[in-house]
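Chain naming follows the written order as A, B, C, D and E, and within any one chain the residues start at number 1.
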Amino acid sequence: MSEKDMNSKVNEMLARSEANVKNSGKKFVRPEDEEREVVAPDGSIIKVNPIYDYFSGARPEEEKPRNGIVEKFLNWARAESIWVLGFGTGCGSIEIPPLVTPRFDMFRFGVQMRPTPRQSNAFIISGYLSVKTLKRVIRTYEQMPSPKYVLALGSCTINGGMYYDSYSTINRLDHYIPVDVYIAGCMPRPEALLAGFAKLKELIKAGKAEKANEYARNFDWYKANQKKIVKDWNMPDYNW
Amino acid sequence: MISPIHILTIGLGGAFALGFVPKKAKDAAAVIMLAAIALMGVLTGSWLIGLINGDSAQQVFTAGFKPPFSINLLMGLNEGALTTAVNFIGLLGGIYLYKYLKEAGNHAIMVFLIFIMGLNVVIMTRDIFNLFVFLEIVSIATAGLVILTETGKAVQAGFKYMLATGVISGVLLIGIIFAYYYSGTLNIDGLTQAHIGALRGGSVALLMIMVSILLELKTFPANGWGLDVYEGANAGIGAMLSAATATGMYYVLYKLLVMAGPEWNYWIALIGAVSFIGSNVLALKQRSAQRLLGYSSIGQIGLLMIILGFKDILGDNTPYVAFGILFSHYFAKAGLFWLAGIVKQSDIANWAVIRKKPYFLFLMGTFIFALIGFPPFPSFFAKWELVMELVNTGNLPWVVAILFGSMMEAVYLFRWFGYAIKGENENIEDFKIEWNKILPVGIVAIALYVTGYFTAQHTEAGAAINWIPLFFVAAIFILDFLPVFVKNTIAIIGMALYFYNIYPDLDNMRLVFEAIFMIGGILTLIAGYAYKGKRTGFYPVALLMYAGLTAIIEAQTTLQFFFGWELMTAGSYFLIIRGKRSMPHGLSYMLFSVGGAYALLIGLGMAFAGQDSLGMEIINTISYLPYWAYGLLIVGFLTKTAALGLHIWLPGAHGEAESDVSPMVSAILLKAGVFGIVLTLIGMGGESNSYPWLPYALGWLGAITAFSGNLMAVFQEDAKRLLAYSSIGQLGYIVLGMAMMTHLGWLGGFSYVVNHFLYKAVLFLTIGAVVLRVKTHNMYEMGGLIKRMPLAFIAVMIGIIALSGVPPLSGFAGKWLFYNAILEKGWYLQGAIMFFSGGIAFMYLWRLIHTVFLGQLKDNHRNVKEISIWFLIPIYLLLAGIMVYSVKPQWVLQPLGDMIAQWFPDGQLTWDGGTAFTKYGHWAGTAVAVTIIVAFLVVLALLLISTRKAHKVKQFDITYSGERPERPETTHVAYNVFEGLYKAMWIATIPLVETWWNKVTDFLHDTADIVRRIYNGNGQTYIIHIVLFIIVTYFVIIGG
Amino acid sequence: MKKLFVFIILIALASMLYPLLDTFHGNDKLSELSQFYAQSENVSKVNAQNLVTAVVVTYRGLDTLGEVTILFLAAAIIAFFLKTESEKRTLRKNSEIFKTAAKMLVPIITMVGIYIFINGHLTPGGGFQGGAVIASGVILMLLAFPNMEFNHKFFEALESISGVVYVGLAAFGAIIGLGFLDNAILPLGKFGELFSAGAIPVIYSFVGLKVGAELSNILNKFKSVQAEN
Amino acid sequence: MEYITITTGFLIILAGLWAIMTRKNIIRIIIGFSLFDTGIHIVMVSMAYVKGGVAPILDKNELLTDTANKIVDPVPQALVLTAIVIGLGVTALMLAYAMKLHSEKKSLDIESFKDLKW
Amino acid sequence: MTIAKLGYTLLGLFIVWNWGFLMGATFRKIGARLAGRYGIPFYQPWINFFKNIGVRTTITHGVMYYLGPVFRLTGGIGLFFFMPMVFTGDPNGHWTNFSFEGDLILILYFQLFGMLGMALGAGEGGHPYSAMGIARGLAQHAAVELPLTLAFLSIAIQYDTFSVYKIVEAQQGGFQNWVLFTNPFASAAIILAMLGAMGHSPFNLVKAPNEILIGPATEYEGTYLGFMQSAGSILHVMEAVLFMNLVFGGATSWAELIVKTFLIYFWSVFVGMVFPRFKIEQSITWFFKVPLVLGVLAIIVFSF
């Protein structure tokens, strides 16, 4: 399927969901996201718009690498210390745990799991992504500090796989967030994941893993794509 | 001088002549009555003045014969004073009752006039049968006046009254006739000579006379009829009964007691004590204002009877003591009854309505404080004298009985007062002002202050009292209509000038405390500028507290000390009860304070015993039961430091107080207790202390207090309560330090005193100011305020670092000294408990700062402003103090050490520049501070260098498992934060002490509720009570 | 149960009174006080034939003043206590014999009463007794003529005048320096005659008038309220 | 003789008290009170008796000499006079009260007037 | 204070920093070997550190958030400054830092400095798990400190001083002089309570990885994390040094120090490998049982 077809398919999907929303006649907003009025202690009434007041929402900026040898050293360090945030969206998540077993032991490559996106620099998206999950993926991705790397694990993640025509599954992850390493297969075995890490290391060491800056550069495009598919967009534009 | 017999002429002649006044001319009749009473008053008053100026007492003979053959009256000093008092109150009562009397007609006016006249004669007469006749006049007149405002209840009460007094006077008559039979005379002086009590039958006759007078005084428990009258009659009549009649009857008892001989003294005192305690305990369950006052009146008469019983022991002081109590009772009770008539609310809970007219509240407060015996009222001085003398003569059980009774009285009176100050008053109909009713109330209130002042002048120690602060308070009270700004300025200037004047006269130790009181006072007053409007009543009471505090410091005599102590208690009570939900806490504060003050009183009495001096130095050389004396003093002072067991009042009182009051009562007021403990411990001999067990017990108490105070603070949800519990814990440290009785312990204790003042003032001021902004005390309703109030956050942060004792701030100095002291003293387990408490303290401090300032900002606080500048000024001044103390601890600790060395010369710190040495180690405050600050700055510089420009994010920009927070409330970890700790340590949080006190109060209330059912409202039962009372007294006194 | 309890109480009370009874043995001679009163120089100082009256009005005159006051008080209290207006009511008509007898008797009774109090210092009797007799005449009238309009203004005025005179006489003694209630303010007269004993007959007369008026007032009040019930 | 009167007096006092304490009817209670009062008066009068004395009215010449040994004591007689009048006043007032109480509750049972208690 | 002393101190700090990293790596390595894995390379902590320093994005929730790691690291460094490291017989010797003979109370209280700063910083981050972690940490800290303090007091009584230097001095001359043998109760209490102070499993509920993410540090990233790692490594070493000085006779050379701290550290690591994590109330009550009793015994033995 060509990229054009893909796009038309996406648009078709979007139109369908838009129609659904229109037909139902209401826009769904979660109660906690509605603009609300609260009474301040001094009796005055203040308006709170959660999306603007509670989130920074500022656009991301490109963050320039440092110069020369320093950046090289840092890239080496980044490559040798990959802290992974696993995002188990589907069947792929079952392939990640074997990596910590003696058989595969990813630790010896400097790869380790980390529980919070703030402290991770590699993001594994394992398996198909539903529209609903995509929001979480975007938020998590945006919360990771740069430089950050995305590994798309499995066919479903990369091109929709067997769900290529599902109404609720997105079928091209890199329309929504930039992906550094594609690990194809259905499902790829842990060895493939390790190979993916090796590939990532190569990219980092070569200074080619600057997809975070690419995201910032093409922010509008990405955001438009995201908003096209996520109808009940109830997040700030950028999640810090 | 006109003969006193013309009281009869005026009174009776007036009454008879009123028959000529036409029935329509009611005003004329009432005016004639008032004029007649005034004339009697002038007559007796002129006699009183003459007698005071040295005239001799006048005997009045009738019928041209000398006694004992005819009836004679006596006008001596006592009679002069009492008849003047009766006429005075009669006049005021007449003015109060003006409208009622007018309405009831000329006959009622006659009755009232005769009533007053009768009382005059009762007081003056020296013939026992004549006494009987005029007693009958008084009681019949009373029976008539009871139904002045005719209600069903009044009629019932009147009938019971008639029945009871009829039987009582019959008994009296039998007694009189047999007394005549045995002695052949009816003259009281003649009967005194005759000693009929020595005869078998004569003793019974005497008993009947005495018992019937006691019954007329409505002695507990045969007094149901009296209570019914107090409740059922018009309040104005209640006032007359309570003030005038009781005064007259009391003097009758005095006269007859002289006649009965000294062996009756004991019995009178005993019956008085039973009456005093019984009546006051039963009053605990009372909800009806007038009946409550009735119980109180009976209690007061009981107290007066005790005094009478001890007249031989009190000697020349008897009139002083008796008049002191009597006049306080007389004015205050009349005033309260009149107020009851003005307010017209039966249920004491509805007295909240009085608050709608604040000056009435002031009047009520005056009367209640006068009744309990607070300065500057006469009862204070009288009670002091009484206790001093009784302890001096070894009558300790009596003192305990008296103070227990007073305590019970305080319970119900202050509960009542609490309702008046704080009760719900929205739905209660406001009362009307009638000038003829208010005038007498105002006059008696003024009279109370004036008599108080003159009572004080009467004794040497009392005359030495410094009244200037009190006059200043009075001036501020008068200026209360001015706006806050002006009053605040006046108050600050006044305090500053006073401090400037006073400080050269003080020794170092006193200067430390005076500085805390006065400078602290000024600083906390600055915060008062933040308030708008008038803030009615705040300045007088705040300054009253400071007046008391400074009086404690300046006291040269124990009387002055106690005077100041009670003033301070009164002032702080009013300050505390100003808080929104402070009613129960104000009450418990007052009760613990009163209880503590009584412990102090006994302790000071023991110090007085055998030393015959009132100078403060007597507590250094207590010889009479010294263990008990020092113990009682310490217990008294511990109520103010809120040691475990006596701490019930503190959390609520401090927690609910106003924002700038909390620091006053926490950072400043508690130090008064510490000052007292310091004085006591110095008194115990400093290093050569010969009462080792007291400090030992005190030390454990301090340690356990520190532990439980801090532990309780951890589980509070209310920021101010948290700080309040923290104060309990901190005071525990101080007490432990002082109890060690070593140089280092005291140095640690004193450094804590200074420190606790600084940081607790900062914390309470800041949290109070925050509360003013966010309008809630609950920490879980706050959060994230650092964004809105960065300056407040900094203040709290420095405050908690100082409190927790983390180096390099000042708290560490105290901790370091403490552990050195503990090692030196060998109190290791206490030390370990203290350390553990420190760890716990860290928890609540973190909780405080986290839940208030950190975490998630709430919706409704998005626009709150930084705390008021007027709070920031004192806060930052205090912070400057903390910083100076932290960086240069030697500036504080060296002078303190020199001061302490006069009592504890051994084991001093040695200083080498900024380094302090003990034998266990050394500590360089400045060096440590500099090291830490430098390291901090270096690390900060490194961080700044190695990070890029940080992007400022907002509060929901947190990792949330791919989701996002929904509401600040659900994201803020603030409620029940230390659940895990609670699961582990709940056993230590069981409020055993509180339960114990609750049990005690429940027991007392239940007892009162059961026992008071003897007053079943049936007139016959009351007669049975009377007869039983007679029989029991007979069997007890004469013994079958 | 209650009665038993009361009985026990009364037994106990009796045992308390027993010492009084036990030590009572009558009098063999007068008490010192009475001996003084009986001394002839003192008798002549008061100059009243009836010693009891001398004691009542002079030596213990203050008691008597109090006593009068008590009656006055009782009357005044009842007056403002029972001040409800009497209604017209129909009562059983009294027989003519009764009415006529009453009409005839009342002046005699009144006269006897006056006699008793005027001669109080000579014979048994005095103001109270006389007053009571007068009041008995009034009650007779009230019984005989229930609908009779009672002129209480007159009685009240009488009451007040007597009271003021009594107090005035008493105070007069004190003012002229003899002593309050001294009967010597008037000439003592000859022992045993009507005009003797100084102020005693005057005082007793006014006391009698006053007591009569007061008792009458009280009785009238009771009568007038009766209607309600 | 004097024992008889004084004993009678005491018995009447006790009887009066019995009535006051046990009767329910207010009028009876007042009667009891009157009895009680009367008993006291009898006791008082019996105090006055001197063996062989006559009434202290000196209307015969022989009484004018050595009076003290011939008359009975006038003082208790004077006192009892006062006491009687006082008793009368009190009784009258009580009766007035009784009327008022009755008009209030239409009852004369003392048990029904217990609005004020405790 | 001379420049040389400052130099020695900073050198010592550098050694401690590195030794802390190495110990951390070894801990992981041991864990891996127990699980039959190869595990991380021993230099992994350094790489992690540099990577973290090199993270480009920096966010801040506010000033206090920013200062939190600074407090933490200052707390570690300060603790190092106030601790005499190597016993040379000279109280102001080269490796005694700015300890002024090492006042035990100062050390005990200064531990709180970093904890407090961290707590405040993490608090401003606004993450619920941070607050939970801190609450747990404070509660456990208080519970741990009770037996520890009793034991420390016992040692202070034993040698009549609060000076760590003097305590070390008194233990010189053979292992029979060590507190471990002269004051067995206190030593036992310390050895047990130490587990809590080190914060490894079963007492790792502060961080409680995968339960409350990683506790206080949840919101911290990049450079902050690097600083906190450094602080953690220094603090771990300093805890071990403290126990070494108090119980195991101190160290007369860096080699001895490294060996002893390694053994002390690994006592807690080994226990942690075996036992699963306690809940907070279990943890607190555990310290109130055996260690507390031992502590009280230690006091009683030496106070009478």
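Some notes on this structure:
Following the convention adopted for this analysis, a residue touches a chain if its C-beta (ideal position, glycine included) is under 8 Å from a C-beta of that chain, and two chains touch if they have at least 3 such contacts.
Keep in mind it's a predicted model, so treat the numbers as computed, not measured.
Listing every chain that touches chain D and chain E alike gives B.
Relative to the centroid of every protein C-alpha atom shown, the closest chain centre, again from C-alpha atoms, is found for B. When the interfaces B-D and B-E are ranked by C-beta pairs in contact, the top one is B-E.
One finds 38 Å separating the Cα centroids of chain A and chain E.
Chain B and chain C have Cα centroids lying 55 Å from one another.
The mean-CA centres of chain A and chain C are about 117 angstrom from one another, to the nearest whole unit. Here the spacing of chain A and chain D, counted between their Cα centres, is 112 Å. Of all residues in chain B, those touching 2 or more other chains are 129, 133, 136, 140, 143-144, 147, 174, 178, 180-181, 186, 948, 951-953, 955-957, 959, 1024, 1027, listed in ascending order. Each of residues 13, 17, 21-22, 47, 75, 79, 82, 86, 89-90, 93, 97, 100 in chain D touches at least two other chains. Counting partner chains per residue, chain C shows two or more touched chains at residues 6, 9-10, 13, 17, 20, 24, 31, 33, 37, 59-60, 63, 66-67, 70, 73-74, 77, 81. Applying the touch criterion to all chain pairs gives A-B, A-E, B-C, B-D, B-E, C-D. Put simply, chain E touches chain B in their complex at residues 53, 56-64, 66-67, 69-71, 73-74, 77-78, 81-82, 98, 100-101, 103-106, 108-110, 112-113, 116, 119-120, 123-128, 131-132, 134-136, 138-139, 141-143, 145-146, 149-150, 153-154, 156-157, 160-163, 213, 218-219, 222-224, 226-227, 279-281, 284-285, 288, 295-296, 299, 303.
By the touch rule above, chain B contacts chain C in their complex via residues 3, 5-6, 8-9, 12-13, 15-20, 60-65, 68-71, 104-105, 107-108, 110-111, 114, 118, 121, 125, 127, 129-130, 133-134, 136-137, 140-141, 143-144, 147, 150, 174, 178, 180-182, 184-186, 199-205, 1024, 1027-1028, 1030-1031, 1034-1035, 1040.
The residues of chain B lying in touch with chain D in their complex are 129, 133, 136, 140, 143-144, 147, 152-153, 155-160, 162-163, 166-167, 169-170, 173-174, 176-178, 180-181, 186, 224, 227-228, 231-232, 285, 291, 1012-1013, 1015-1020, 1023-1024, 1027. For chain B in complex with chain E, the residues that touch the partner chain are 784, 786-787, 790, 793, 797, 801, 804-807, 812, 815-816, 819-820, 822-823, 826, 828-829, 831-832, 835-836, 839-840, 842-843, 846-847, 849-850, 853-856, 915, 919-924, 927-928, 931-932, 935-936, 939-940, 942-943, 946-953, 955-959, 971-974, 977-978, 980-981, 983-985. On the side of chain E, the complex with chain A involves touching residues 28, 32, 35-41, 44, 47-48, 50-51, 54-59, 209-210, 213-214, 217-222, 225.
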